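The structure that follows is given in the form of structure tokens.
Chain nomenclature is as follows: A, B, C and D, assigned in order of appearance, with residue numbering initiated at 1 for each chain independently.
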Amino acid sequence: MKSIVRFSVSLEKQLLQEFDRHTRLEKYPTRSKAVVDLIREKLVRKEWEHGTEVAGTITLVYDHHGSKLMETLTCIQHDFHHIILASQHIHLDHNNCLEVVVVRGVPGEVKRLSDLLRATKGVKFANLSMATTGKIL
Amino acid sequence: MKSIVRFSVSLEKQLLQEFDRHTRLEKYPTRSKAVVDLIREKLVRKEWEHGTEVAGTITLVYDHHGSKLMETLTCIQHDFHHIILASQHIHLDHNNCLEVVVVRGVPGEVKRLSDLLRATKGVKFANLSMATTGKIL
Amino acid sequence: MKSIVRFSVSLEKQLLQEFDRHTRLEKYPTRSKAVVDLIREKLVRKEWEHGTEVAGTITLVYDHHGSKLMETLTCIQHDFHHIILASQHIHLDHNNCLEVVVVRGVPGEVKRLSDLLRATKGVKFANLSMATTGKIL
Amino acid sequence: MKSIVRFSVSLEKQLLQEFDRHTRLEKYPTRSKAVVDLIREKLVRKEWEHGTEVAGTITLVYDHHGSKLMETLTCIQHDFHHIILASQHIHLDHNNCLEVVVVRGVPGEVKRLSDLLRATKGVKFANLSMATTGKIL
């Protein structure tokens, strides 16, 4: 069972009003949730800088007609099978595929996998989304 | 059939050597691929600023024990079904789930969906990865 | 006289401990200051997206031997004199200069100035640091 | 005397047209300058990750009425005098000041200075702009 604690923050009235205005626009149910999300985002950035285990997603866009491209991508992914949790393939149009690879591991190794996939001939775009295992959040 | 063109770039020798050193570390097969990737990344950023159709992935992390959380997330996603291509659910541990929602649509609407999911009570983390439909790339 | 208000935030104990650990490393005097800084950073990002007046700095690095480069940079800056507050010039070494241009104005116009300076032949690097007039903060 | 080299890049015609369209909007004089700038930006990012000497600017916004704030900021800056090249102070309005500190040194130490200034009570905003000494560019 997780224990909930409470602390208070002091700031200028005008600043708080402006913050409330923006979080209302983003449909936040409470101010507390909006503030805690900023705290969580900061901690997730720190996990990627200094942490030992992160989760994330690598988004790839490629033309599947590329010579042996899908084979190459599969081989690279197998070399990193210990950090890959799942992958999903979307047919964007006749030529273009979007593939999402969900990963969990040491930040450096996750980045290396993302670099390798991006560098592969035929891959048009690769992007690493830095998320979290959620453990400390 | 796509037509390939060729153009040349002039720069200082030392700068090119340094660039080659980094792209080798990232396992790029050719210098041309590394340069074209920089061009593509720039164009994808522009698509998100000014374009009419983008693709991307929204990564969510949440504790599925949250009261009616999964129902709420599903309802929101149904409101945006016209821009959602697929979604995938990963069980990270006993409590935490990672969900990847693949989207295609107008940049503003995709961002609104990402904001709404992030603001939902119980969602610990949400991140929009700005990718591309691949059409102009 | 600015009026100070107070509000409270609820979160899991473990999450707060982790946040405190990081803000201590960054030498924050109080938790409240660390949280309010996250709020201010969010509002500054929003000012640059939707606001009417922002402040910032454009950092340029160039080799002053470039043909008529300094003249060109000065001409461009004069065209934008209404948004430029000051500029400062540092001699990095025999060839390289670093120039900081402090700007205040509409976000779009500030970005246009930054783009123009970056595109100038001879400029090696230009970067826009998105700060704030401090009014609502 | 720096030696200039030339290399060529192959890509799809449509992609090149799109790139040219954007660089024209940004007033780039030549395509080559636009491409080399992307290369330089990548190398500057790498310098901040792995390099031994970088240059940059720290932009601060604060209310100078803060108790002993200016003294504290000056003390911190003196502790880092070996990496500070210059600083400039702008009076934004009756209360708010914008200060730009130009720095050169090891990335980690520059970031530590930026963190310390940001954490100081009374500082509303601090931002580190990651530029370059220009040496390898």
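Methods note: a contact is a pair of C-beta atoms (placed from the backbone, for glycine too) under 8 Å apart; a residue touches a chain by one contact, two chains touch by 3 or more.
Since the structure is predicted, the reported quantities are computational estimates derived from the model, not experimental observations.
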Legend entry - Shortest path length from chain A to chain D (each step joins two touching chains): 2
Inset, instruction - Would you mind pulling out the distance in Å between where the CA atoms of chain B average out and where those of chain D do? - result: 26
Legend entry - Whole-Å separation of chain centres (CA-atom averages), chain A against chain B: 9
Inset, instruction - Give me the residues of chain A that touch two or more other chains. - result: 40, 137
Inset, instruction - Classify the chain contact graph as line, ring, star, complete or other. - result: ring
Inset, instruction - All pairs of touching chains, please: list them by chain label. - result: A-B, A-C, B-D, C-D
Legend entry - Interfacial residue positions of chain B with respect to chain A in the complex: 23, 26-30, 33-34, 37, 40-41, 44, 55-57, 59, 61-63, 85-86, 88, 90, 92-93, 95-96, 98, 100, 102, 104, 115-116, 118-121, 124-125, 127-135, 137
Inset, instruction - Show which residues of chain C lie in contact with chain A when the two form their complex. - result: 2-16, 18-19, 22, 31-32, 35-36, 38-40, 42-43, 46, 136-137
